[in-house]
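Structures are listed in the sections that come next.
Across the two complexes that follow, chain A remains constant while its partner is chain B and subsequently chain C.
For the complex of A and B:
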């Protein structure tokens, strides 16, 4: 197992990047679209994991930020803003929204938090469907057409790469450690002087930025967004499923999960016309029952991950005595 | 104008009865199991579909269906608990949260997707109505009034059951202090299974009335669960009075919103109410600190 070293991993990563960067030359637009969507899902899952994995709050409404970023970019593009400015303003708007909702939301904990964030999506869907003159109602909104596949492809790769770097260094920073300590025991963290509430809010804001950005890139490329596409169940669940499948709280986890899920989608969903959501649901149930720690925490892979130094500082899914409240 | 306003408020109260009753089921489940059951709304939906089927084939009065459906769904609920939730019940709190949300959310999605495959069209409901009653210029639908009274009777009998019997006392004991209840020898696992069954049965029973009044589609489950959760937050855990009051407040708020702003905005009400309660009084109207 001596080939499992960090150096070799970096080599593999650089190789992958080179292949991905050169891909637009030979590949069909279908393959490009597939990589693009994988990058979008990966970014969503990684940014979800900042709150879901590091902080330990299950934010089921993470796709709200994706939808907000998409909608605000679409509206700005339609008002003749340039792409860069539109994306920038969309991110600012998404982050501001995250900062505002973090105040009531972080008064909740555990399952309450999960369900409240889940409810936020349906609220957003109601708004998007009913504010006809702003969002185009349930018919959705179109942006200026054009062939943006290749630049959008590179943009999505940059966004995904940036999020990987962000997640990796966040997990090792003082701030990231504070988040982990909140996850383990909020009261103890607080009594040790961690400003829990501001940190929780900040982590939500940080996690909202990549999601909003990738929403903007998505709508720019696809040139159309509708309430079900932005706030539907599938886009809401995919970051959670991806992060959980790979392994939450580890940067490598969502990476593995995203590739896994998009491969499953490619293989299964072409053959099966119905029951896409059922497959997601069954996957969720099986994950919850048998491996809430994800693929990376299985018996065979976990030593490899730790050997590479990508494990976590505090073991999230450790065995411990049941503490009764 | 005033009578129209009262009309809307009375409509909201009658609607809130069903909300409160269904939310009570969620509330006891959460209190005992410490697991938020995201399938609650889906069991309501299943209950309404089964009730509809019974009505269609046998033509039984919906009030009787609402009672005979209870044992069936207790069995379904106990089975669901034993199959999916019991294996994770011994985990430490943070893993329990993650696992339970994944499992109940997944189950809810499976139920919704399969149901919408077999029932692609919305079901308009049980055709059952009684004459309306006019009181001081306010028209009261007698169907809704009887449903409200019936649910109140049902709720009071469940409350008596919780107060008087051994199982009821154990449910309340576990809600108050899990460790202590375990210490004095309450069979937590068995009580949990029965409580889950009871919660599911309450949802299903409420579902029969839901389909008497509204159109049911397979996808109503999760929005309803969110709605009931906001009632539970409003009223506090495990308290019947809290759930009923919370339900009636939500019913009135939804009716007034539909009256003032149009019906398309009423789905947003429960959530906005939840957020405002959290901002002002995070422990709920009658509840204690969570």
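For the complex of A and C:
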């Protein structure tokens, strides 16, 4: 097992990147779209995990930022803004929104926080459906058409890669350590000098930026966004499911989870079109039952993860008694 | 003269219950002060108020002449007041080293360089006898080690005042002797120690001054042996002596 080393992991990562960079040459647009969506989901899951995994606050409304990014980019594109400027302004808008909502939301904890954030997406969906003159109402909004697949593909990869790097360095920074301490015991963290409230707000703002960005890239590529696509249940729950499936609180977790989920979904769609959602649901239930800490925290993979220098020294989920049944 | 720490008429009500009533305390530098009193006397509440975990209902707390009773706990910690918890509360899934690093990263003096912080944290852990446990998760430590981790984490914030909430309870006699040495060394390094303790022999031996609380009221203050012979203190701990004698006579 001596080949399991940090530097070999970097080699694998570089190899993967080379393959992904060269992919548009031979691959069909179907394959590109698949990688594109995987990158979008990966970015969403990783950015969700900053608040959900590191900080330990389950933010069920993370897709609000995705939807806001998508809608604001779409509106700006329709007003003849360039893509770069539209994305930039969309990110600023999303981050500002995150900063504002963090104030009331972080007065709540645990299940109450999760419920309130979940309520936020429903609220946004109502807004998007009813502010007809701004958002196009329930019919959605279209952006200038065109074939953006290849540039969008690269943009999504850059966004995903950037989020991986962000999440990785956040995990080892002073700020990341503070988030972990808040997850463990907020009151004690405060008495040891961690300014908990500003840090919680900041973590939500940081997590909103990648989500807003991929929202913008998504709408630019797909050229259409509707309230259910931006604020619906599926996009709301996917980041949470992906992060938990892969393993929360570790950068590698959502990475593994995103690839796994999109692969499974695609395979089921191709092989058993009629039952694909049924089988997908059953699979999630089984995974939740037998791998409660995520794929990375299974008995076989956890030592490997630790050997690579990721993850806590101890199994965070074991502590909560979910693994020992 | 401004005291290092001064509580001025601190009162705390929990609904109708008066947990602390008009407590005034002055602390000068380099003291070891013991706070004793029966269960429910309000000792931990007083610590919570000094450390900023709870706001006082009335009264003020001053640290070096600066009013701190309105400040958040994190800011009070950065000013130089650190505390430990009676029920040990380490960050369970983080390692011993990471637990200490939190104090170092956000305390009064926080070296910006990560490597310096790790070296400093290792020094503190070694001092507390936890050097070999640096990479163990905090939850795998024994109770004694967790108590030392509480102290290590508090010391990592480079405090000027250290509030120790019953760090010695649950320790065996030999461990108590060692812990007392540790506390003396902490005090010798220029940290003022305020400790809540039930082990009276420790208070007698360590503390320069003792404050006795009973039902939220300060009933005595002074040198350990003075306080131990104070009739009010004896009464609070053992009950009314004269009454007891009368009962025996009647019987």
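Everything that follows uses one rule, which is that the second predicted complex is superposed on the first by the 293 of 325 C-alpha atoms of A that agree within 3 Å, B and C clash if a C-alpha of one lies under 4 Å from a C-alpha of the other, contacts with A are read in each partner's own complex, and residues count from 1 in each chain.
Here, a residue touches a chain if its C-beta (ideal position, glycine included) is under 8 Å from a C-beta of that chain, and two chains touch if they have at least 3 such contacts.
Worth saying up front: this structure is predicted, and the values here are computed from it rather than measured.
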item: First, second, both or neither for A:177, with chain B first and chain C second; value: second
item: Which superposed partner A:147 touches (first chain B, second chain C, both, neither); value: neither
item: Touched partner set for A:266, first chain B, second chain C, both or neither; value: neither
item: Residue contacts on chain A - larger count, chain B or chain C; value: B
item: Which superposed partner A:192 touches (first chain B, second chain C, both, neither); value: second
item: Shared contact residues on chain A - chain B and chain C; value: 316
item: Chain B to chain A touching residues, read off their complex; value: 30, 34-36, 38, 84, 87-88, 90-95, 97-103, 105-110, 112-114, 117, 177-179, 182, 222-223, 225-226, 229-230, 233, 264-265, 267-268, 270-272, 274-275, 278-279, 282, 290
item: Residue ranges of chain C in contact with chain A within the complex; value: 51-53, 72-75, 77-78, 82-83, 85, 89, 91-95, 98, 101-103, 105-108, 114, 135-137, 139-140, 153-154, 157
item: Chain A residues touching chain C - in the complex, by the definition given at the top; value: 174, 177-178, 180-181, 184-185, 187-196, 312-316, 319
item: Touching residues (chain side chain A, partner chain B) in the complex; value: 56, 58, 60, 103-104, 107-112, 114-116, 118-120, 122-123, 126-127, 129-130, 183, 233, 237, 244, 248, 274-278, 280-289, 292, 316-317, 320-325
